[in-house]
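See the structures that follow.
Look for subunit A in each of the two complexes below; its partner is subunit B in the first and subunit C in the second.
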Partner chain A sequence: MKKKLLAAMLCLAMALATVACGSSDTADTSEPAAEGTTEDTASGDAANSGSSTVVVAMGSGFSTLDPGYVYEKYPPLIMNACYENLFKFYSNDGAPEPCLADTYEFSEDNLTLTVNLKQNVTFASGNPMTSADVAFSINRCKNLQGNPAFICDTIESIETPDDYTVVFHLTQPDSAFLSKLTYSSLAVLDSEVVKANGGTDAEDASSVDTAQDYLNTTSAGSGMYVMTSYIPDQEVVLEKNPNYWGEATNVDKYIIRIQPDSNTQMMTLSTGDIDVAMNMTDDTMAELEGQENVQIVNGATKTVGFVMMNMNEEYGGPVSDPLVQQAIRKALNYTNFQTICGDGSITPYSLIQSGFMGSKGERDANYTNVEEAKALLAEAGYADGFDIDMTVCDLDMEGILLTDLAQLVKSDLAQIGINVNIVSQPWAAGYGDAYRDGTLGFTVMYWATDYNDPNVQIEFLPGKTVGVRAGWSEDMNPELAALYDEAMNATDNDARVAVLEEIQDAMYEDGPFIFVVQAPAHIAYNTRLEGVAISDPYSLDLTLINIAE
Partner chain B sequence: MEQLKFIGKRLVYLVVMLLGVATLVFILTKLIPGDPTVANLSQRALNDPEIVAAYKARYGLDKPVIVQYFLYIRNLLQFDLGTSIRTNNPVLSELMRCYPATIELALFAIIIAAVLGILFGIVSAIRRNSILDQLVRAISVTGVSIPSFWFALLMLYFFYYKLHIFPGPGRLSNSFSPPATVTGLYVIDSLLEGNPAKALDALSHLILPALVLAMFTMGLITRTTRSNLLDVMSTDYIRTARAKGLGQAKLILRHALGNALIPVLTVIGLGLGNLLGGMVLVETIFNWPGVGQFAYESVMSADYPSIIGVALLIALNYMVINTVVDILYGLIDPRVRCK
Partner chain C sequence: MLRSVKKLFKSNYLFTLGVIICAAWILAAILAPVIAPYDPIAQDLTLRLQAPSAEHWFGTDTFGQDIFSRVIYGGRYSLLAGCLTVVLAGVIGTFYGAVAGYVGGQVDNVMMRISEMILSFPSLILAMIINAVMGSNLFNTMFALVVVAWPTYARLMRSVVLSVKENEYVTASEALGASKFRILVKEIIPNSISSVLIMATTDIGNQILMFSTLSFLGLGSAPPTPEWGMMVSDGVDYFNKFWVAGFPGLAIFTMAVGANFIGDGLRDLLDPKLRKQF
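Showing the complex of A and B:
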């Protein structure tokens, strides 16, 4: 028996070794999909290869691909390829432009938006797109009460007087409304298909809608692509929509791989196994430098890291003093924040990120002044500095740990005598509650834009969502607080820019928030592709990518 | 009859143990700070009490903890592990999705570890204190002590990125689509599909991650085999056999190895149990969608049903493996059978 056992084990070892040698050859021949291998044909497997297939690697998966629930970073990349909205951002720094909408008009009081739809649009199923689909999709998102439901907060009701007209009645003027309509959660669904699979837009949708399972694996939109396969935490496959109404690119198929490790992305890009690596770091970019067939795009995202100092003395202690806040603002070395975040990162002038309409750009590179900071601290009565706890959570900002940012704050403030003690607290185990309840005294946090519009930033104003987290109530600065409504009401772009600039100037040196850095994005791609660019609303706009002829 | 009794006892023990694990993990997840609502809802949504209430109602988080517990146990007895808070899919189907990937990798790794570990152990014991022995000991110590994530990156860097000998991360090359799920093991499913090229591709993708995972267990097996074989070789019956003129190879394979292998089997069993629990870092680097990555994501999202599901799976792994190891003891050592 023992002999047999040993003999069997030895045979197995030999067999494995033989197979390994043989299979490495297979791997070699099948290697770069990007170079258009034809192993499918050879093996008879009608799958992913061919020059018209593009493989994209992204750093994290997602919990859902149902437009009514999507809220995470990467789903918009897929949503934008499979679904379409009334409006869309066709360029990263542009304004929303009509997509499924043909024409639109705001009423004089800005409380009604009438949208006339394009009439030649069909869904992937072949069903025509009508106003009923638009109303269904938006009402469903609102009534599902999921993460993105807030985006419908200003919608009072939706009317559909005919098949190609949609009338939105708003609760208040909303200058960001067109931007909101570009967001993935408000993508227009094929209501017939979704209803057939358990979907509803009724008020009790949060408890009776059962279409999420269906929409997690299949798309039901009018976009350039249809989702044909989704293996959670592994890959999504998109294939060209045969019924697409518009002009399509020459990419027939996308395989979107979840590859959390940036080194893995770098290696798979270099060897040609993938075509686009979404999560490059400074190290991996250095490795790619000079490589043929690889191009890198760097830029700042609109995700911004900020220091928050509670205005309520009970929680903030010394940092609730406006003079101390100014001193801290002067003491921070913003260049160091940019260095730690990597190429492409910048420090915004104030609360509106560089890249948004109305942004005043970047903060002056020479703003830091330690001597002035010390003088301000002395004026506040803290000439010898003070000790303070800074609470930091376990989240990261586009891959940059918030604890790393906190370390920079600590070392900068040590120069003016403020001794910062960093206290770690998990987001889901207390930090999140304290942050929301406004009981954190001193912290470093980040803010990712919900939808691509500068109005997401005015939540930092006194009395608003983020403002109250810093104990900043409207009565502390009524003039600044009043600018919130002005910004919301300003549907005219010039008037809007003027208000946004006023807000930025008011918060340049004052207030409980210091916006230290906009996180960078680094995308590397195979040069056989054209149209690869950083996209704030979609991470990467797949509908703009072509394979070079 | 005795064997049936043994299996019956084991099954009862298994059920009691699993219920115990479920209860313990349920209590622990409730005791440890962490709110799934805060972990999974956005900052904006958390500000809206209606959204928070709808979310809690959806996952039964609005019920008292004791009610949640009894509901969970009741569902568990009906093989319903609940719904994942993170993915909104049944936990059982999530585990059935991830587990085959882990099984495939773990089995491949443990086979490599066992075959090489035992061979190295024998060689090392026979050539005790020789250069060969020193070399094998160095390899086994390195295997036990090398951080797996670093070794994984190293292997990938040289054998995939620089030398192009092995394929890269993932379970299949881009040129293949996943086979229709029968077992969930890509090699077997591809063969069942009648596609040997795809099966070979899947097998070649297993080599690098399996070698990385095998390294640690192989080190332990080598050391255990060596020390046990040396112990056995110094016993009286081996000396007698040698005095009777038995050759070295026959002596080791026929008389010594059987006795030396019993502790090795225990190490192999523990190693397999460990591998079947999922290896987060190696899975991440090799883009392997196994239980380790699922467990990690579940913990980060305070996804209690999934966390308990993974804990139950790991407990089940160890219990099944221990039972198999017990049976193998009997096959290898007649004394165990007699008992």
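Showing the complex of A and C:
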């Protein structure tokens, strides 16, 4: 008995020691951020409502902050504060607007874009921003051949006729090009500083460029803030850029904690240790409701879950029949999908997510009609329904398990006599290959946008990347397939909206895809802040946040 | 034998408790359609995550499914997996170990190295790999459990056979001209089996836990099958709604504890040597 007691006490002592070490670790990391003795630790700052330091907690999943390599979900939050691009999304549902660019013009054949730069812009180092910096930054991203290099695929060459003019020659008309130029990887770097630290935009940059280490410690952009410290998977510190050319907000310093756990975020937000919690869930939001000093925001992301029914009878079986597809579309209860995904989630009208330029918004809430679905099924010759396997992988869509969505499909289709048997197959153990090869018959999957432009969605058209995964070839619907090129060509915003709307209408009740739900995003923040909003391209636009006077 | 079982019931209350618990679960599993008040996979999203009440004794989960009904049905999978795994692994392991021990020599060497190869992997990870490669459903999960479990039986059986085969009655059989196979089946195995039986009864509880662990990790049947482990993992996201994970967790706990109590009691009964030590 004595021995047991001793063992228990030993365990307790060890547990305490671990906790103590843990907390002293975090104290250590926040110390270098504090300047001198007048400033408190990070937590003290936030709790003090008069402070001009804002603490943000966000998710992890990245290991570099060199713009040439960033591709993951959260780095744009930091990039957007430290760097600027030629264009920027100033509002969440609009078109890209000039930022470092002043004016721009597409040529008649849409193969050349001429951008005139603003002339009063300086980098944090004090160097003026010129066309050479723009060309350097974009060529560097392209030649580093990192994850984001695909964004430069349509760039053939960049010309700089004078200090304030940049000419892009494109390989093909690309109506998404302005959106691509807003992408964090194409942020304009201070080429002089980056070159001095080992950077190059030469074709062999992928092996020669050594600026990544430097850009992981500080930023070299023209943004409102300068990164002063980056401890991977722990913390990023941003301080105000003293040489900022534009108008700045009244937040002097950001401490960004990389701490994805929603419960921790919820608790630290309630105690005032952090000001913005980026990774809240439906459940943790409920805990915060009604709390003083805390504001919650629910919104929809552009990550969309969809049901895919293979057009190829060999794989799809009965669901390859367009009548059956329409029956399924009518039978699904979209409200249930929104309930399971949580507050803020919505069902898009068609293939273009609500929030994108040209989107037709949401699908009618009364679209579901089980009787019509049954009639359609009978017309297709399946009056008594049928049995079918639905393969689902182990991934989650912004925290919502795909198997959860599959269970809803199963329950809804049971009402019209279709008996769905859910088969789970891990992504790595065959599902991924089958999905890409287009051999899955019936599945639920999700689609996260690579960059913030509706053109990412037209890959769902027949014969295109995602379309062929559902066995949907160009000759099955040549009219619709032809709209792809039309959409790529439409550089004028009005023309783009027109063709995107045409595509959405065409796919509203036709095709092998049913877009069931856009995943929600949940943010909670301290009410001493103004301007906190969900942002698709940047997660959170730090340059729009002010501390309430 | 019957008298000693009666004595066991009287003297060992834990054994009695274990029998009651397991009998209750077996009854619940068989009579699930009668006992369960709702269809275990019927969704009602208007009744999401309701706390336990008179209508829903164990509350409802994220799809509004009745947790009590799901727990009752879930017993079928756990019991089936636990018992079938032990029976299959026991049979395979017994024969394998008996052959290795009785034949001896190089055959023994090769056979035991093969089983040790399997034992050298952490069992949970090996089961996960097998499951991931073959695809996860109830039978593949049980297959994985059997693959992981049989070498333990083989080793035990071999060590017992090594001493049993030195007995005079084996020599006598050999002198009478009995074939090796006959000796193995008629003399060796019947005289070595009791220790395997003891191990098997205690192992049922472990296998149920192992099965629940795999299904918790998403390597069991596909949802919405009401498997306990999977139900616990569904509830992990709702840490302030204890009933979602709590009741299936309690079910796993009682079933495993019940099986272990029975195992312990049977060990006392079948292994008098061990019993005297206590």
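In the analysis below, the second predicted complex is superposed on the first by the 493 of 549 C-alpha atoms of A that agree within 3 Å, B and C clash if a C-alpha of one lies under 4 Å from a C-alpha of the other, contacts with A are read in each partner's own complex, and residues count from 1 in each chain.
Please note the rule applied: a contact is a pair of C-beta atoms (placed from the backbone, for glycine too) under 8 Å apart; a residue touches a chain by one contact, two chains touch by 3 or more.
For clarity, every value in this text was computed on a predicted model and none was experimentally measured.
Undergrad: Does subunit B (first) or subunit C (second) touch A:G432, or do both, or does neither?
TA: In the superposition, A:G432 touches subunit B alone.
Undergrad: In the superposed arrangement, which partner chain does A:Y71 touch: subunit B (first), subunit C (second), both, or neither?
TA: first
Undergrad: Counting only touches as set out at the top, which of subunit B and subunit C does A:F150 meet: first, second, both, neither?
TA: A:F150 contacts subunit B only, not subunit C.
Undergrad: Quick one: classify A:V392 as touching subunit B (first), subunit C (second), both or neither.
TA: second
Undergrad: In the overlaid three-chain picture, which partner chain does A:N263 touch, first (subunit B) or second (subunit C), both, or neither?
TA: Both partners, subunit B and subunit C.
Undergrad: Does subunit B (first) or subunit C (second) touch A:V423, or do both, or does neither?
TA: Once the two structures are laid over each other on A, A:V423 reaches subunit C alone.
Undergrad: What is the contact status of A:P128 with respect to subunit B (first) and subunit C (second): first, second, both, or neither?
TA: neither
Undergrad: Would you sort A:V55 into first (subunit B), second (subunit C), both or neither based on which partner it touches?
TA: The first partner, subunit B, only.
Undergrad: After superposing on the shared chain, does subunit C or subunit B touch more subunit A residues?
TA: So, of the two partners, B touches more residues of subunit A.
Undergrad: Taking the contacts subunit A makes with subunit B in one complex and with subunit C in the other, which residues are shared?
TA: The answer is residues 263, 426, 428-430 of subunit A.
Undergrad: Within their complex, state which residues of subunit A touch subunit C.
TA: That would be residues 263, 281, 283, 287, 336, 339-340, 392, 394, 403-404, 406-408, 410-411, 421-426, 428-430 of subunit A.
Undergrad: Could you list, by residue number, the parts of subunit C that touch subunit A in their complex?
TA: Spelled out, the residues of subunit C in touch with subunit A are 41, 43, 45, 48, 62-63, 132-133, 135-137, 218, 222-224, 237-240.
Undergrad: Could you list, by residue number, the parts of subunit B that touch subunit A in their complex?
TA: 32-36, 38-48, 50-51, 54-55, 57-58, 86-89, 94, 97-98, 111-112, 114-116, 118-119, 153, 156-157, 160-161, 164-170, 173-178, 195, 197-198, 200-201, 203-205, 207, 253-254, 257-258, 284-287, 289, 293-294, 297, 301-302, 331-332
Undergrad: Mind pulling up the subunit A residues that touch subunit B in the complex?
TA: 1-3, 5-6, 9-10, 12-13, 16, 19-20, 22-24, 26-28, 30-31, 33, 37, 39-40, 42-49, 53, 55, 61, 63-64, 71, 145-150, 206-207, 212-213, 216, 229, 231-234, 237, 255, 257-261, 263-264, 267-268, 270-271, 273, 426-430, 432-433, 436, 450, 465
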